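I've put the structures underneath this note.
Paired with subunit B in one complex and with subunit C in the other, subunit A is shared by the two complexes that follow.
This part shows the complex of A and B:
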């Protein structure tokens, strides 16, 4: 029986109801998925807009909540940064649903590999046992592991806008309206709750060079937050704005997504492209590091006290981003109570998408939305004086400031000036909209609330 | 950046009562269960402790037994437990594939030598609870009366509180948790540190606190067990069943792991006059 077309939609429907599909369909699905994934490079190119998600860990009902909050496939483009399986009770349904969606809408959903997508780890942390329990044999686990070997190691998002078009959502209960920037400010970060209410909003350095007047940009490595010249505002993902190597003038650098982090063996993204990924995750080497390493508040590279694995500091991230023309690294891998955590002057962010992790941590989850460049066209034109009417006070003000400043040294990218010399000016980060959500209600899981059961322990 | 992160301030793990208590014969037992700490409090704790707390740090949780007439109490919380973790790195363990990893690494990156903030990242603690100076526990020969605890007396209060948990970067588990059951005439509290470092070793460190309400007698027993991973696996193979599943459940393996440390102490609290 083949799993194409309507069969695939049927399988998606069944998995959405959290019911496993028959073994022969899994085999077929995994075969199709492998055919598809083998065509992907180690680093998948992805165009904004896209919604970036962190660890899922078999929390199927929370994955459904994620789709409710972030929009359904294929209406929303998704990039999942691995760790689909283990820990939670529904690794199988979660992974197979994502895989079905990948086969059904290959251009709408990107899956990259986490350290849990491995034979060795899944035998210890739940996925293997779950397959055995649900199918009575290890076949399905074996099919899935073969797919794991084909998953990409990273993704490169291009064409993201630097400033968000503000949502019109109402304010969340605890949000102070006075703390929000003006409605026409250049929004860099926005945090929304699961109901789309605004919890937080942050304008880009309002006194900095953030304006279209930096057309006369004297420093090619520096990005301007809005498209500097009309000729450069080509379609997202084109060579002009999307190359990872030094194309100047695009809105923001690319965003690299990996599960864990960087590796001392990898100084350029091209080196990731050269790896032979179609294997079990090795215990050492570049592929291992990409899936396992963590950022830490240190200088340079460090060794994990555990005796294996690297830690990397702010300078490593900033150099890597500069060298590869990145504005941000998005990664997952580490639990963060607030669902996301930006570090090192917003050059790297951890995104965590498993709320109430392991059904007991009580943490919230987050997803990161990157908007597409073109959606911001209104801002660009307005700053040229064509649009916006009398509404452009802020833009005008900064234009003047920039004009006076000519060479634009001191009030440019203040974020890193103390760390990096003028020759290493970082790219302006993409506009980032975080949607924060809590675990799906307990009763939707079809299992009783977790109350400790009294026992006569000794 | 913590102000960026908008976790609802009052969120708590679904299905959990925030705090509960019961009082019997002047002994008040209370527990509190809240979500893991947020970025701000974690930073604060890191500073105070001098080490990075475990990934899942239930810093607001506690389990406590108070004797209201005298004000004596024994308290179990994550901070005090972590304060007893080795912060020097002298007793640091290595993951199973560390040697292989190091050898391969050294060829290429001899310049990366610095081990970042060495400490006992297995979070092994010999924590026996936080108690006041006076009245203090004294060594005793009186064991905890297991026969009385085996009787099916009604359980008036029961709770299970996790203080911290860490996945050791997917190399096993370290977990400190408290279980407590209160019967009409007595109570038992078991605080267990369980650590499995895959392919390396197991540790179980139990602190049992027993209270006989009528006499005001409090017995504290500490039992530390330790075994190499491979040795335990061999033993378990002889017992049948799913060995991997057993190795995830300290209840099923404790009896197979040799005791390396044991203390027994007692304090008698004056009754209300």
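This part shows the complex of A and C:
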């Protein structure tokens, strides 16, 4: 039998109901998927608008919640940064559904490989056992692993806008309208809850920002929302001309998406393109690092406590972004309690999409929406002068008196940027809309749900 | 390491409803037969978590985290490999308590010492210590419900390795053994079948139950690995006063080592409470003593006035485990759950307190053990 057209839609329907499809259909699906994926480069090109998602880990019900919050395929263009399987109870249904959607709508969904898309890891962390339990043999696991070997290692998002068109949504309960920037301001970051209500929003080149600012100041240790450090060093030069960033007003660099992070063996994106990816994830080397590494508050490179990949510091990210004309690296791989976490002057962000991870961690999840360049056509950068006195733009050091913002975040980064000088000034970051959501009630959609039982030490 | 036995739920729930102990009234009986049935269900659920813990220990042994030839003997279910995260946690907890116990036993090694393990369940510590310190003058006591001590003795009496260690004096005539004993007494290993809460109700009129072979005059370490945490804080306090005032009165040195969860109020802690509640497991001391400082003050309040210290297992992994050992353990399995491990380790603590006049065996034994700064 062949899985195409209506068969595929049938399979999608069945998987959406969290019911596995028969083994022969899985084989067919995996074959089709491989044919498709083999055509993709190691770094897939993706046009904005796109919604970027982090780890899923077999939490099928939460994946459905993600689609509810972020929009369905194919209406929304998705990019999943790996770790579809392991840990949760429904790795099989989650991965096969994503794969079906990929085969059905290849241009509307991009899947890249995570470190759990590996034979070795899945035998330890659950996916292998799940396949064995659900099919009575390891065949399906084998088919899936063959697909894993063909998944791209990264994606490069281009055409993202620097400025979000503000959501016309209601405010979330705790949001103070006075804390939101003016309606005509250039919105850099907006965070919405699962109901589409605005949690906070803040403007580029503004130090009178949303509640995120006070939140970050009152709790410098909290990871995200990060201290709202604008990515720019000082508009005094840039902003003053009104069009110093080019007449289009949208000149954000590309966004590199990768599951883990950078590798000391990779200094250009072209080097990623040259790797031979069609293999099991190796224990070391560039391919391994891309899937295993983590950013950390260190200088340069460090050893990873995970036993694979490396730790890398702000200097590494800034150099890499500059060299490759990137404005942002989006990655997943690390649990962050608030769903997302921007680091290093917003040059890298961790996106985590598995709420209440392992049914135990109590975290919320997030997805990152990047808007399309041109959705804000005709936009021209506002100069400081245009904004008027009290509402002035971001001036180097202008918010230093604005409380002691944790000591590290803002000040240090700003110093770094000024040290690096104009030649190293980061590209204008894309406008970023985060949608934050919680774990789905397990029995809410009539889908079979095993009562989650998390292990503790008893 | 113990597979910390969870006290019999029947008693716990009876207690929560106001009845002081098993066998007496069941408190509010309005639920009648259906509540009995519900308790049976809870019983079964909790018993399975106990064997779960025994299985976790086996998993650790099989992967090389722990050296415990006895773990397998007490596990009844087929061993399943646990996630690296859980193996690491079990390792940290076990080695932390081992360290405190070892320092105690190695201080004036020839002097007699005593250990009382509360809710010991299928714990193998006695047997491991017996191998590690073959000539030590140690009295070891385990206190648990009769169903648990009976199960343990059934295993001990039918396994030669265990048997020879449990009967150090003179091997008994096997034909005279009870067919299903619940208690065991010897000069070194003792199993007391009793409901811990019966120690809490002691008064002048009703003295606490006698614990045969418990010596009131030798330095005593009380061990509670996930045991007292299932009881109400006031009950725990009464039990400890019975130990400190009646069983082991001053000036005999006495100490308590606790292993319990902490931090109930953050996202992970709230999730833990709700997850366990859905399994009918409640941890009253978790909410009573939410932070490390509460744990320290609690020890002091019991009367462990010469030392009251606490550290979470995250610090213990970082600071107590030697670099060499960390490297060995990290090499056993690839661990991809760093953030989750951090969260988990932060939510369990070891607390240790003592009363020994300020210059006794515990003060000397634990002087160099690093505690955690702050709450």
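The rule is simple: the second predicted complex is superposed on the first by the 355 of 458 C-alpha atoms of A that agree within 3 Å, B and C clash if a C-alpha of one lies under 4 Å from a C-alpha of the other, contacts with A are read in each partner's own complex, and residues count from 1 in each chain.
Basically, a contact is a pair of C-beta atoms (placed from the backbone, for glycine too) under 8 Å apart; a residue touches a chain by one contact, two chains touch by 3 or more.
Model, not experiment: these values are computed from the prediction.
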Partner chain in contact with A:458 - subunit B first, subunit C second, else both or neither: both
Partner chain(s) touched by A:296 [first = subunit B, second = subunit C, both, neither]: first
Touching partner for A:257 - first (subunit B), second (subunit C), both, neither: neither
Contacts of A:202 with subunit B and subunit C, given as first, second, both or neither: first
Per-residue contact with subunit A, leading partner among subunit C and subunit B: B
Contacts of A:50 with subunit B and subunit C, given as first, second, both or neither: neither
Subunit B versus subunit C as contact partner of A:337, first or second or both or neither: both
Common interface residues of subunit A - those touching subunit B in one complex and subunit C in the other: 115-116, 121, 124-125, 305-308, 334-337, 356-363, 451-458
Of all residues in subunit C, those that touch subunit A in their complex: 4, 6, 49-50, 52-53, 81-84, 86, 89-90, 93, 226, 261, 266-272, 275-276, 278-279, 281, 330-331, 333-336, 338-340, 343, 348
Subunit B-touching residues of subunit A, taken from the complex the two chains share: 115-116, 121, 123-125, 129, 172, 174, 189, 191, 193, 199-200, 202, 264-265, 283-285, 292, 296, 298, 300-311, 334-343, 356-364, 436, 438-439, 441-442, 449-458
Subunit A partner contacts - residues on subunit B that touch it in the complex: 1-9, 11-16, 34-39, 42, 55-56, 89, 92-95, 97-98, 100-102, 104-105, 108-109, 112-119, 121, 146, 149-150, 152, 155, 158-160, 162, 168-171, 179, 181, 188, 190, 198, 244-245, 251
Parts of subunit A lying in touch with subunit C, wherever the complex brings them together: 115-116, 120-121, 124-125, 305-308, 334-337, 356-363, 451-458
